[in-house]
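Next come two complexes, and both contain chain A; in the first it sits with chain B, in the second with chain C.
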Partner chain A sequence: MGRGVSAEEPPKGAEPPSGGAVPGGDAPGAPGRGESWERRLDTPPDVWAVFLQARKRDPHIHVGDVHAPDAEMALIVAKENYTRRDPCVNLWVVRAGEIHSTTEDAAEMFAPATDKSYRFGGSYRKQQQIYHSGWRLSHRDEDQ
Partner chain B sequence: MEARPQVQDDPELLARFTERIAAGDQIEAGEWLPGEYRFEAQRLIQMHANSEIMGALPEREWIPRAPTLARKMALTAKVQDEVGHGMLLYRVAETLGRSREEMIAELVEGKARFHNVFHYPAETWADVAIIQVFVDGAAMQTQGALRSCSYAPYARVLKRICYEEDFHIQLGLDVWRTLAEGTPRQRAMLQDALRRWWTPLIHFFGMPDRISPHTEKMLAWRIKVKSNEELRQQFLRRFVPIILEYGLEVPDPGLRRVDGEDRYVYTEPDWEELKRVGRNGGPKSAERLALRQRFYRQHAWVREAVHLWAAA
Partner chain C sequence: MSGTPPAATDPRVGAAFREWLLRTADDELIIGHRHSEWTGFGPDIESDVALSSIAQEEIGHARAFYTQLAAGVDDADRLAFARAPAEYRHATLVERENDGWEWSIVRLVLYERYEAERLRLLSASAQEPVAGLARTLLREERYHALFADAWLTRLARGREEGHRRVQAALEAAWPEALGFFEATDADATLAAAGIVDSPAAQRRRWEAAVRQVLEPCGLVIPSASPKEGGRRGQHTPEFDRLHDQMTEVYRSDPEARW
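Showing the complex of A and B:
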């Protein structure tokens, strides 16, 4: 087994402080009142997150974790555990402690604060329908 | 086994947590948890992980003796699935605060528990059919219900596990059908295996829950989703008809369906046996733990090499 895939030392951040999540900073534009909205998972350094791409046109999806001493071994274990029967064209592994995530408390920042229907094609289609049906109603006599 | 913790949770955080769970929210790894929730969820998932690892052993014994190559391949795939489930589950249990090494050591030393059904022998090829249909079928009831549990990492893993368990049951039904429609000797072998497995299967779901504040709390926190008796009834509703359909005998003469109700009555099993087996005092407990220990020691060099590799 070569060390070709990754010879890097686990980064400092992969050694989590004991207890709880690693707190993130207050980034500019972060919501809330000085509360941390970003964190890293408190994960042992030998844990790798596995991302699986089922078909070429699909995104990679986090399917679970594996324990491994390095990336190459992580890919082997990931293959054994996550590709036994369902389709897969590509696997990614990344040290789980390196993943930065928004906190669950911060979920509300994804909720649309205002009406965002102007961002969706569907709402325009709806307007067209209303417009056309209105036009048909008002022009019925002339059509006949 | 760790003792139940006596921690005092921050009342404000606890109230918020309870409110979230009541609203149907699920909890992710790394979020604040009440001490008791962490303890109970961790214990449940660790026992589930242990059961997957130990559950692979009775069937593993039959890989070299499988009657055809197709059966051997399918059985090997199933055993591999079970060990894979163990791996997924130890990782989830680890997010609740105990290391994988610690949990495996506890299992190997005989200090941890695993499911009662894996303490019994698999004497004949018909036992394999019973394990695949009825043991996995029983596990499906519990695990299917827990897919809506409040600990999201466990719920996600269970989705995958149930998907694979379905293959195990379908495979088992195929073995079951072959034997049930086979020679008189094959049918007798199947009936005999069913007789030996019946009590462990009734035991599987545990004693009917006492209505206690503890049970109420587990249900409210959705660490438990259905009561033991609800799950046992669900199992009987789905699996008794399979026995009858093939003209085999339900090994409990006291079993009958209550008129006008979707419920079975059954002969009360010896619950002392379940307790004894649960404390690793079953007919095969010592032998299977010894096997697990033997391989754990035999493979120590692999763990050491991996450790050195990681440190290098």
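Showing the complex of A and C:
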């Protein structure tokens, strides 16, 4: 089953950041700190992160992990471990050890130092809510 | 929900079809019960949950078939739990105690291919509402076969020990798997009425299907002859023990409403 093509694109915020690809490994040098701010997750090779898409066009959400020797087996066991109760139309698995993460120490990087409320765009947000709900409703039938 | 058991203006054909449905329900109930015994003992938590889920689904299928059989004339719980062991019509393979994980996986592979074949026959049988039910159940069987094949492949194509143990389990299971196709008068009646194919034709398709899974794993199909009896109510002491345990709660208060 192909994914339907929407005439309208999801809102800007839903797109992945561009141009930020980090070379593999532990890149040294946090901005201005001289210490590592990113690393790969330190997990055994048989741990797979499971991402579940509840309905078409929803983002895949990380719902947990499974142990499995390979991707096919990971998908097979993920199906029964994560979709028994909740709706699902699609699953992703990825080796958890392939996921790059910012370190916990880097959390302050995300906290604004000055008032950034001008970015919140409250009126836009309202519009986005309307846009989202209309977008969802307009696709509800084919999502069944 | 129609209370009338499927089809057949001819009462002999009707009775044969009921016999065939009862086998189906019994196979599902008993293999579901055996799978459920792995709950808490699977090789890892992931497959433990997955096989437990398959067990629930098989018992759910049994319930659906018992409900069809019971409609208007009996009670599904009574059919499932109040019969004597010799009144059950499942093939003896499904009643066998679990041995190693590889045994249960081999049995699952053999059973799921048979189950898919049977549900396809049923869905094409034009015997509503059972045919519609079979079409719905096929959806779940697809996953059961995926799970079974994935495990079989990894056990049999891994190390030498795994391969040897899977081959041994296959040899132990094969004669009783052929017992799926034990032919009784009911089969002859149904085949003559054009409702379901003969057991021999079913077996040919089933063997072709299981070969496709087993042979790429380097497994050798045994040449043993069938061990039958289950379809006529002849079971092993392993079933007596299962029956005793499975019906314990029901027997404690047969009139209870759940």
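Some points to look at:
Just so we're on the same page, the second predicted complex is superposed on the first by the 90 of 144 C-alpha atoms of A that agree within 3 Å, B and C clash if a C-alpha of one lies under 4 Å from a C-alpha of the other, contacts with A are read in each partner's own complex, and residues count from 1 in each chain.
What we mean here is this: a residue touches a chain if its C-beta (ideal position, glycine included) is under 8 Å from a C-beta of that chain, and two chains touch if they have at least 3 such contacts.
All of these numbers come straight from a predicted model, not from anything done at the bench.
By the touch criterion defined above, A:Pro87 reaches neither chain B nor chain C.
In the superposed pair of complexes, A:Gly64 makes contact with chain B only, with no contact to chain C.
In the overlay built on the shared chain, the residue A:Arg39 is in contact with chain B alone; chain C does not reach it.
In the overlay built on the shared chain, the residue A:Lys79 is in contact with chain C alone; chain B does not reach it.
Of the two partner chains placed by the overlay, only chain B lies in contact with A:Val47; chain C stays clear of it.
When chain B and chain C are set side by side, the one touching more residues of chain A is B. The interface of chain A with chain B overlaps its interface with chain C at residues 66-69, 73, 80-81, 84. Contact residues on chain B toward chain A in their complex (touch as defined above): 27-31, 77, 80-81, 84, 87-88, 91, 94, 99-100, 156-157, 160, 306-307, 309-310. Against chain C, the residues of chain A that register as touching in their complex are 66-69, 72-73, 76-81, 84. Residues 20-21, 39, 41-42, 44-47, 63-70, 73, 80-81, 84, 104 of chain A touch chain B in their complex.
For chain C in complex with chain A, the residues that touch the partner chain are 44-47, 49-50, 53-54, 143, 146-147, 150, 154.
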